[in-house]
Structures are given as structure tokens and as C-alpha cells.
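Listed below are the structures to be examined.
Heads up, the next two complexes both have chain A, just with different partners, chain B and then chain C.
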Partner chain A sequence: MEYGQKIHIGGIKFSEELAQVTVGCKTTDDCTIHQLLHLLAERDINLTFLCHAGLSGNIESIFCIDRADLGKVQQILIRSSLPNEQVQIIPSIGTLTLFPHRNEMKLLGLVIGLFGKHGFPVHSFSTSISAIAFNTDYSLLDEITERLQDIFVLPENHAPFRQDFRVTQIQL
Partner chain B sequence: MSDSKLILVVDDDTDLVEMVSMKLESANFRVAKAYDGIEAMDRIKEERPALIILDVMMPRKDGYTLCDELKNSDTYKDIVIVLLTAVTEAIKSTNYTHMGGKTTLADDFIPKPIDLDKLMEIVQDNL
Partner chain C sequence: MYKEERVKVYAITEKNHLALASLRFPAKDIEIWGLRVIDLEDCVQRFELVTYHAADKKNTELHLLIDGNKANNFSDRITAWIQNDSDTVFSLRQPVDVLYLFGPHFQDRFGIADTAFNALGQNGIDIFVSGCAGTSIYFVTPENRGRDGVTILTNTFLIPTTK
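Then we have the complex of A and B:
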């Protein structure tokens, strides 16, 4: 690939407005993330993003929830045994997903470079077998996507960035 | 160009598209991908696949609509369509039900979550 040539991708997706919660623990022994996840599940709170990272005995778990569920999650956190300093909440984020990544490290480099150049925050990111997802400020999704089109080419008739319907699970 | 048959995989779940594509490519099929019904129609016009694996619930144009359009078209009615049906009665906010899936003109169906071996059997049986 020539330098400066745009990369063809299949599409870009935006999430709904989300909140990101980061829970830090020193070791697996005192980590209550598992209890926390059980409490979230008991209250039917969906996680749209979940990432665990461990380094030198420190474990950081990051998850995203619907912005509308933040109040319920804060109540759970207050009642949990987690000290305040171990919890960080970003109340308005959006997940920007690019697909497919085709295992191209250049794609990751270009996106990180673009975020850095324009000062867009990356609160967290992860990959799946097809997609790479960046959590950033919800209010910046449109602006970031406009900039991304300087380095990526989308299909002519690509799917819309925002979902035009929403599936809701109900209890039987 | 390879003479292996071309299969179009259409779903707004990008991971599912990738997973199914990898399985098909490992069986020496060529694969095209689309992420909604409108994009799928573009790929069909450009590349005319032998078989389409088509999700039901997608933005802009759903799988039932695309399936009906293709099966009512003289140009495309011979393309084999396998519908993916993930929707159950437990989902609200949509018009889709299992009953809807059973009344389409699709050639075959496979439920989600997909059993990839079962999907391969269906693909092989229909080509």
C-alpha cells in the first residue's frame, strides 16, 4: 500500500449514548468485579462493552452501559464494597466501531494517529474478529467520523452510522 | 479467477459476517459481504452470488423484504437464499416473528445462534 493511500473499510457504526465505568483492583483476591457483574445481571443491565486488563497484580475492568442505566449502576456501586478511589465513571461516551479491520495494524495506527492529531480522547478500545471499537466522547462521534473519512473510504451505499431501530429484551 | 461459487453473507452483526465468511472460505467458497439490505442489493448486482446467507433484522432494508424482491425478480429468482432467523417472540419493538420467517420465499432457514456445521450442510445441499 502506498503511503497516503486511503484504506477501504466496510463501514462505521455509532453506539447509543453510553456511560463507561472503570473498576480497579490490586489483586484477583480483593477484586469484586465478579460480584458487581452478578448484581448488574440481576437488574437486567446490559453491558455493551467489557474489557479486563491485568498488569503486575493490578487489574482494571472497564464496562459500558446504556446512559439511562447509570443511576441504577451508581446505586449498585454505592452499596458495593468497592472504595471510591477504585471506581471511575465517564458519564457520556460513545463507541465508534470500524469494520472489518482485516487484522491490519496500519488501520489501528492510522486511527490512533488521527485521534492524537486532533486531540480526540480514547477512553478505551478493543477488537473483535471483525471490528475495532473505540470509546470516546459521545458528543464527538460525528466530528471524528468526518475526520476518519480523510483516511478511510466507505462503500458508496454503506449502512448508516447510527442504528435506526433498537431491539429490547423483555422478560417472559 | 477462481471458479468456486460465490456466496454473499449479509448481516449487520459484523462479527457474524466475519465468522461465517471464514468458515465458507475454508471450504473454498468465494465470499462477498454486506451489512444491510441496500448494500446487499449493490453486491448482488455487481457480483451475482450463487447463494445468499441473509439476516432478517437489519437497518434500511430487512431480509424479508430483500428476499421477496429477489424471489419476485426474473433476474435474481434463481439465487438460493438461506435466511438467518434470530428473532423470537421474546423480542418487542419490532414487527418480526418466527411466523413471518416461515412465510417468505427463502429456500432454507437456519436459526441463530448459528451452528456453523449445520450452515455448511445447508449451503452444500442447496448448491
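Then we have the complex of A and C:
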């Protein structure tokens, strides 16, 4: 890539408004991600994002949920007896998902740098073979995308960044 | 959103002989590390997985999973950058394995992470790092545990096949 040349990417997608929950523990005896995930699943709470680091000395589990489910999640956390200092909640998050063009992943550093340069918060992110999901402030999604287009080129027929509707299973 | 009696995925696979680089640095240094990640991307050509999250009020953690054959050069670059930086901690764990689940619409179905984490945990598979983006979930495990993890998850999830 030549200096200053924009990169073609496959697309960008915004999530709905979410909340991010971080649960930190010093040992696996303090808490377990397994129990927490099970409690969330029992209450039909969907995780839209998850990352976990269980390396020695510091165990962190970070997940995102629909903003509307935050109350239920807080109840679960209280009942799990996790000390308050082990839980961090960011109540208004948006996931900005980037789809690299033809699986070209050499853009991660550019995006991280852009966020840092403009002071956009990066609360968490994770990559996959086809996507990079950044969690940032929900209110900044449009502004961030404008800045991203300083370094990226989107397809001409790109879909709206926001999902038009959502389907939910109900019990009759 | 819906629940399945047995969660469907498209595929479960593994990779071996990888290296997991973990960095802990002040959140204010993220722009510098963005530039360094560009350099590291050139070094390894491709990251298998990258995750990032806050470690505490001031610091963040960045985990980069790479081809184990490129770990020495990768590690040397990072070590050179941080040799006079007492605020940054770097560790390299090698070799490690990684499991991948690919599935349709993970974010539209309940209980996928619960099913995967508990299946692995109940069978004694430690998870060093996990990340989920799009329709993929990754689990970084100790060496030689990737194959066990694939077997466990294959018996747990339903992989539709066509004849």
C-alpha cells in the first residue's frame, strides 16, 4: 500500500445500542466465566460480543449485551455475589464492525491508530477471519465512520450502517 | 433471537504451533501501539486473533495470536520498543493451540458462549484467551489441547452435513 492511499474495505456495520460489562477476577476461585455465562443464557440474555483473557494472575471477561437487558444483567451480577470493584459497566456502547476487503486484514493498526489520534474510546475489540469488531461509545459511531472514510473506501452500493429491523422469537 | 435444542455451527477446527503475545500498556498510548501494530502486521503477514480490553482504570491489554515460526522476530521488535518503558508489560506464551467455531448468525441465538465455555471447562480445557467477532468464536488453549477441544465441541454442537 502506498503512503496516503486509501484502503478498499468490504463494509461497515453498526450495532444497536449496547452495554459492556467487564468482570475481573484474580483467581478462578473468585468467579468463573462458566457460571456467569450459564446464568445469562438461562435468562435469555444474548451476548453480542465476548472476549476473555484467563492468563495467570488476572482473569478478565468482557461482554456486550443489548442496552435493554442491562437491568437483568445487573440483577444476575448482584446475585452472583461478585464484589462491585470486580465489575465495570459501560452503559452505552456501539459495536462498529469492519469487513476487510477480500480478507485483507492489514488494517487493524490503522484503525487503532485512528481511534487513538482522534481520542475515540476503544473499550474493547476482537478480530476474526472476516471482521473486526470495535466497541466504542454509541453516540460516536457516525463521527468515527466519517473519520474512517479518510483512510478507507467503501463499496459504491454499501448498505445502511444500521440494521433496519430485528426478528425475535416469542413464546405463544 | 431464538434457542436451539442443540446449537448448530458450520465448522469447528484447530490450529497448532502458535504463539500468544500479551501486552499490558497505558490506555493513553493506544495511538503509538496502533502504529506498532502496523509494523507487527508486516512482520507476521497475518494475525490469527487479536483481542483488546481494559485491564484496569489506566491500562489496557492487547493479545495477539501469531504463527509460532514468526515469534522470535515479533518478540524482538516489541522488546526493542519497550526496553525503556517501565509502564508496559510483555509476555509471550508458546506454543499454544487455537480452536475456531464458525457458525451462522451467532448473535441471533442464545447460549452459544455458555455451551462452548462450559463444554471446554467441564472437560478440563483451559482457555488462555477467547474472542468473538462476526460469526466466529476463537479459544486459545494450552499446547496439545486443541485436538481435545475440537472433539469435545464436535460432540457438543451440531454440524449439519449434506450427503
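Just so it is clear, the second predicted complex is superposed on the first by the 161 of 172 C-alpha atoms of A that agree within 3 Å, B and C clash if a C-alpha of one lies under 4 Å from a C-alpha of the other, contacts with A are read in each partner's own complex, and residues count from 1 in each chain.
Following the convention adopted for this analysis, a residue touches a chain if its C-beta (ideal position, glycine included) is under 8 Å from a C-beta of that chain, and two chains touch if they have at least 3 such contacts.
Just so it is clear, the structure is predicted and the values come from calculations on it, not from any experiment.
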| request: With the two complexes superposed on chain A, say which partner A:Asp44 touches: chain B (first), chain C (second), both, or neither. | output: second
| remark: Max touched-residue count on chain A (chain B vs chain C) belongs to chain C
| request: Check the residue A:Ala159 against both partner chains and state whether it touches chain B (first), chain C (second), both, or neither. | output: first
| Does chain B (first) or chain C (second) touch A:Gly116, or do both, or does neither? | second
| request: Considering only the touch criterion stated at the top, classify A:Ser130 as touching first (chain B), second (chain C), both, or neither. | output: both
| query | Is A:Gly10 touching the first partner chain B, the second partner chain C, both, or neither of them? | reply | first
| remark: So the chain A residues that chain B and chain C both touch are 97, 99, 128-131, 167-169
| field | Of all residues in chain A, those that touch chain C in their complex | value | 22, 24, 32-34, 37-38, 40-41, 44-55, 58, 60, 62-63, 88, 97, 99, 105-106, 108-117, 122-133, 167-169
| message | Which stretch or stretches of chain C touch chain A in the complex? | response | 1-3, 22, 30-42, 46-47, 49-56, 60-61, 63, 91, 93, 100, 102, 107-115, 117-118, 121-122, 126-138
| Touching residues (chain side chain A, partner chain B) in the complex | 10-11, 13, 97, 99-100, 128-131, 155-160, 163-170, 172
| In the complex formed with chain A, which residues of chain B make contact? | 12, 14-15, 17-19, 22, 33, 35-36, 38-39, 42, 57, 59-60, 90-94
